[in-house]
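Just below sit the structures, each encoded as structure tokens.
Look at the two complexes coming up: chain A is in both, with chain B in one and chain C in the other.
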Partner chain A sequence: MSAEKHERHAFEPKIVAYVCNWCTYLGADLAGTNRLEYPPNVRLIRLPCTGRIDFNLIVKGFEIGADAVLVSGCHPGDCHYTAGNYHARRRWMLFRPLLETLGFDMRRIHFTWISAAEGRKFQQVITEITEATRALGPAGYLSLPNGGKAPAWTPPPPALKPEPSGEEQMRSAAAQLLSSGAVSVVIGYDSHGAPSFARRAEDAERLCFNQQCTANLAVYLKRKEIRALGRIGLVAAPAILRALNVLETESQIDREQIVEIPVGQSSGDPDFAALDSFLRLAPEERMAWWMAEFERCVRCYACRAVCPMCYCERCIAEKNRPQAISPSATLEGNFAWHIARAFHQAGRCVGCGECTRACPAGINLSLLNATLARAAMQQFHYRAGAERGAEPLIGRYSLNDKEDFIR
Partner chain B sequence: MARIGVFVCWCGENIARTVDVAQVAEQAARIPGVRCSLHYKYMCSDPGQAMVREKIAGERLTGVVVASCSPHMHLKTFRRAAAAAGLNPYLVELANIREQCSWVHHDRAAATAKALDIIRMTVEKCKRNHALEPIRVPVTRRALVIGGGVAGIQAALDIADAGYEVVLVEKEPSIGGKMAGLSETFPTLDCSQCILTPRMVEAGQHPRIKLHTYSEVESVDGFVGNFTVTIRNKARYVDIDKCTGCGECWNVCPWKKIPSEFDYGTGFRRAIYIPFPQAVPARPVIDKNHCVKLLKGACGLCAKKCPRDAIRFDDTDRIVEERVGAIVVATGYSLYSIGKEQADPKYRGYGEYGYGAFKDVIDGLQFERLVSASGPTAGELKRPSDGKTPKSVVFISCVGSRDNAKGISYCSKICCMYIAKHTMLYRHKVHDGEAHVFYMDIRAGGKSYDEFVRRAIEQDGAKYHRGRVSKIVEQDGKLIVRGADTLSGTPLTIEADMVVLATAMRPAPGIESLAQKLNIGYDEHGFLLESHPKLRPVETNTAGVFICGAAHGPKDIPESVAQASAAASKVAVLFANQELSREPEIAYINEQTCAACYACYRACPYHAIEKVQLKHKRAARVNPGLCMGCGTCVAVCPSKSADIEGFTEQQIYSMVEALA
Partner chain C sequence: MSISAQDLLRIAADWIAQGKQLIGPKRVKPGLVLYARLKDASELALDGFLRPANSIKEAVFPRHEVLYRYRVTGGAVELLDEEFAPAETLVLAARPCDAAALPILDPLFNWDYRDEFWNRRRAATTIIALACHTHDEHCFCTSVGLAPDATRGADALLYPLGDAHFAVRQVTAKSEPLVAGYRDEDWPAMPAGPPVKFDPTDVQAFLEANFDSPFWNGVPLRCLGCGACAYHCPTCHCFDIIDEKNARVRNWDACQFALFTLHASGHNPRSTQPERQRQRLQHKFRIYREKFGEILCTGCGNCTRNCPVDLGVLNVLEAMPHG
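Showing the complex of A and B:
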């Protein structure tokens, strides 16, 4: 092949850039007014503010074949809408660890602050990203060169959970509440761990609390029919108590209408041993492993059904104008779904593990939840539901949020 | 069925030199939904715009994409052209193939391919544009001005003279602010009260200005054009409608030694007092922290003496509600407190200057009162310690200002000028006195300002030393000022009878809490944030709230007055129509699918989201009067019930997918 022909067939990276209208877009315009040249590989999509840029747009960029994605906006303090970029920054602080666990090549995802006055910086950033991406080669999202052979990784044995306790006290408390009429129903478990609704004092005897009682009963509290029953008694292991705090902050429950019947003991801080072990794999290995996991996903949405935090009546997975998440059980659709499910739990998942237990395909969703729980802990000293009345992580921001990953 | 018209501009040579515009137009015609596609040398020219209008009519276009310069340049131009042809202006989009394509690439093939991609993305977006109408919000054509200093008074007068009612709230018992306490002002040496008090009277008597003095803003609700403000009228214990201001009460009050706030502690007042003789309203107030009748039930002499029976010991605070359409914040400044102890740990004091310990070390405002004809010493400059006339006065500039070690990085702007003024006032009063100034730089940038400083030095004999002062010690009734003269490179010690410190200008205390009530921004020092430092200096990012004067940043009287008039003109623009017209590219929420998690409510930078109770559920709702269209709510919404016009989910996803 002649040198010219070779050049024409050489890889040209495709770069998608989501930029804010008031800073980076104007900075790009300024680069134009000053005739500062840069490679023609980037395609800009203008949005009013980085606050508008949802995490899914980054995933979408790779889905349509981008080799790198850039998100850029106003410097902190300069946001045209005062705080949109702070919200964006907070979101990315939590989203990046998720992408890392999934094995995304983080060298292909860039965040910058480029102001309207920084035409030169825009030129430099685009040039550097284009050349760096050219050197990396095509991203080939969800198509690994070695056919996606997953590494043989198994999680280490989980930490021992404390023995279930409090069954006797729970039964008598439930009986008491029902006989006095303080509640119209007690939601608890039967001997197999299946959810059980006790409506009369005698039924309280059948309520159990043993090793199989893991279902997150808070999931019933969002149902209209249950709420219509009036005051409810709830057998509440520590994870369920945490779930109540999160649901209360998000205006989903009326705490006055719920009488908690505490059972069990807290298993202490979340166990990150499995996550630590997984993160020792190289990114490509992680991605291959997840591809094998999500290949098995049949999109039954059991993970969503058992989770009390998934309470949206019209889930984003069911929205079809636009169809941000493909509903088909394809690899692409499954990745999009699980990324969204996991990220929507950022700062909200109470670690009950029900999604993982309920999954008929045995997908290790706990790894994703643990990723976000650890990010919340490390970056914000935050544990979902640990403190009643605590502000959520997403929807709030701090001027001190770390931005070492933002250029 | 979409019928999009694509118009590719050559922009003379600017685009056509690099992008093959004919090819691009030809290929754009094949994009699904494109009805017509043409190219022309200057789309923004009259014939170019005529072409767009013709095609809209002739091809019954449902949308227009002009591939040309940046939307920041000509989006409005083409929207107007479309509107003239009967097409809703929000069905027009611009594809930027100039600033972001032809001007930054040289490879013709690559640039042409990129231009086509950009046009394809924009066509996909445009197919999903909604026809929008500007949002009409009713406007209450009354204004609130917070702060009755010179800036607040100016703004109030301008707005009232324009024909609108103004509510003027002032926390002190009288309007006038800091300027009422000054002696003479630079660069004219006008008597401050002589030029201010006529304005104060005008404001007090203006038929359209309603004064709430000795009052503070409690809360602000609502949005531009429709604010509801609650104001606390603090208890005066005097019925100001019955009172005539005759002064019998304060003349008979036995509690005479209360440090006067108006005199910054250099003089005294009574427990029932009027802050200064020219106060507006000229009515006294009782200080409940010192009045023995209020504290213990004894005395009550003022009530016995009052010929109008106007004293009300049973008075209480009153809460009043006012409805206004615009708010002007003119809360002014305070001086940085120089002592070692600081209320805010961000700042550090100057223990080394002895302020607070040495009676004769004072600040600029205290000096003003001591030389003021209506001051505690009737204009005779007397040392606070022994009442003697100081024969040597040292003025120190930049105390706090420009000093990162003290937490204040900025220049306070007015001190160089008022120090020069102080030296002149001193020398005019004490002909054999020595005035020494320790300075770092001289900032005298206004009209006749530099000449004024030169006059102080050359005519009035002020001695200027370039250097800072390291320490002041007291010795035998004198203040030993140890400084440096950097121009000669020697230490310089001066024995002074009095030292005046030019302390940094800070915003008034409580500004942060007021700013939060108004939902406006402020910087790390508390100065209020303008919308744009050059192009919108008196607007804030909250529609309907304007700022002026020293609350925005250190500035002198001419600038405060100019900003006040500027803010008033913005209010007048707002009030020019019965209804306010706002850009409709704002957020909206699908209440049926909304899960009422209120993430949007928490995240919205403008508090523009309300919680609403529908028949069978709760939901979030965007207030179209407040939403500024950032889209933060859209990104945080887990169910994607929130969306934003002009940048909808469908539009953005269609643009990304067009790149596949």
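Showing the complex of A and C:
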């Protein structure tokens, strides 16, 4: 008991603070020149602008042993680059719910606006965060007390999907497009639901649309060997049409080169029942659950390969100079990867659920996607791909974006 | 005398009690069985599924392995070379198509360089395989010279008799301490296994003659370029070596990733997915055979079962216009 007490007493929290160069860093400077004392537990990392503070850095902070992380920049209206802090604010509005679903302790993640004139606020913020973190004890990222046994959680049965429809019309449309030479290939499905490429009108006979046809075929549009085939006819269920809308907005496809052959019916609003059920677990239980899930990830990147939105020529997981996230299939590397994958989908994921279906380790990535989809709907009334020509969610901002989490 | 499931679990429990590592099929969630390290013998799943979705290669070739650590002080690098002593490991209820992969890979890991990580783990690992009494449409062990009761790579082989008992065949002396009391003299008749689906010699001939063929732009075109096939394949063994946190580590890598062959110049000799699919087939059925005299495939079918677009070795081979 006394040893434990002693350890508690000896604990000095480490706070990593990512601050912008123009406001908070100068605020810290002012605190220094004014001889305002604050705890030495904070490590300041100066970046040009909060708009350039990558969300990965929060995770990285915990990886390297931080007990709390602070992100701080200029007050709204004060940004040296006009709007960097507005962009940051919007991103954090979406990133925080993701961290909550993953079970991060949100009492350890702080956001503030501190201007160059607010030396005293800097002093106060650092003092308070340090004391609050001291009371919380060590963060112990990815190490759970009591062996961290994962809670048993099973998702509720998914909502019924609408019956597949439109197979016959699809076949005749495909045959017609191919025989008239309007397209040189139709991308559709075979009877097992595997993607299939029909290049002659008679090939259209074997195209199918049944319960097994779930692959998001828009994924093929990014590939140069597919583009080289010529004008493409695409069998397009509602989730595929949403993907086309997002890809078009992001200037990834030339819609004129694609003829859509619609099939199926929309299943309506996204289903958040599984997410609701999951969020009833306590944060540490959620973290323990994800640890057990991510431990199985071998980094085969099937989740990335099946996703039409993952079109980067070089994925952040493959950048090694410097390394952004670890490519190793360790718990730490896997958390970093899945957080990055999910957040890169913020406001972009069309909810086809293919990543979860494709995962050989059975990891329910849809929970992360649903978290971001719901945050986008609740906070911005935005659904990725729902409307052709809609502006992207991230990359723009509003002066009215909520900042109740920013001090 | 056959062994009861109960006795088998007792062997497993004793093994764990001795502080050793036990690997076996584990039901991780509904519909998913994986070979995994078992903390308790009761986690061992013996029936009710065809085969685990991954392979046992991780027992000897982990997805992530620290080769050595180092310390950098100023301009000096100090190597912290620790003696590598793997945990004694028992792989229980491995499928014969998993066990056979290890001797197929031995020559590779001992070719121009003796890989001590592989060799020491191999030496520390005992494999008790479980013969298959069933198969599915993705299985093709009989097409690559194996069978549902192949003993290759196994130290002992069990066969389910159906009454919670298993017939036992001891294959090597390594399994003696575990199964000595249970050996069966009369081995039950085996089911036939999956029908032969292709002749590897025809495949090899096709691959030799058709490096540049429109065939590769057909069925393989749907490959999406993930590593699900390779990472769950008993025989795929490619790896990448990187430096991370003052350690040199080895991670699995796979030929279907575009990055696998990307040069520093930006040139990629295998720049499209069909070329990468061709490489996978060439390596398995021609290159490895020419170099080591073995087919780099045990017919387990994991590639197809794990593929997000139902594309495995077998689908490509069956689409081939050969004999």
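Things worth noting here:
Everything that follows uses one rule, which is that the second predicted complex is superposed on the first by the 398 of 407 C-alpha atoms of A that agree within 3 Å, B and C clash if a C-alpha of one lies under 4 Å from a C-alpha of the other, contacts with A are read in each partner's own complex, and residues count from 1 in each chain.
Here is the rule we use: contacts are C-beta pairs under 8 Å (C-beta built on N, C-alpha and C of every residue); 3 or more make two chains touch, one makes a residue touch a chain.
From a predicted model like this one, the values you see are computed outputs, not experimental measurements.
In the superposed model, A:236 lies in contact with neither chain B nor chain C. Judged by the touch definition given at the top, the superposed model places A:314 against both chain B and chain C. By the touch criterion defined above, A:358 lies against chain C but remains apart from chain B after alignment on the C-alpha atoms of chain A. In the superposition on chain A, A:74 contacts neither chain B nor chain C.
In the superposed model, A:349 makes contact with neither chain B nor chain C. Of the two partner chains, chain C is the only one that A:304 touches; chain B does not reach it.
In the superposed model, B is the one of chain B and chain C that contacts more residues of chain A.
Using the contact criterion defined above for the overlaid structures, shared-chain residue A:35 touches chain B, although it does not reach chain C. Contact with chain C, but none with chain B, is seen for A:215 once the two complexes are overlaid on the shared chain.
In the superposition on chain A, A:253 makes contact with neither chain B nor chain C. Chain A residues in contact with chain B (one complex) as well as with chain C (other complex) are 314, 323. Chain C contributes residues 28-32, 34, 53-54, 63-64, 217, 221-222, 224-228, 230-232, 240, 242, 244, 249, 251-252, 254, 257, 259, 271-274, 306, 308-311 to its touches with chain A in the complex. By the touch criterion stated above, chain A contacts chain C in their complex at residues 154, 192-197, 215, 219-220, 223-226, 296, 298-302, 304-306, 314, 318, 320, 323, 326-330, 333, 354, 357-358, 360-362.
Put simply, chain A touches chain B in their complex at residues 14, 16, 25-26, 28-29, 31-33, 35-40, 43-49, 51-54, 57, 60-61, 64-66, 79-84, 87-88, 91, 123, 250-252, 311-316, 319, 321-324, 344, 391-392, 394-396. Within the complex formed with chain A, the residues of chain B that make contact are 70-72, 96, 98-101, 103-107, 110-111, 113-114, 117-118, 121, 521, 541, 585, 592-593, 595-600, 602-603, 605-606, 611, 618, 628-632, 634-636, 638-641, 644, 646-647, 649-650, 652-657, 659-660.
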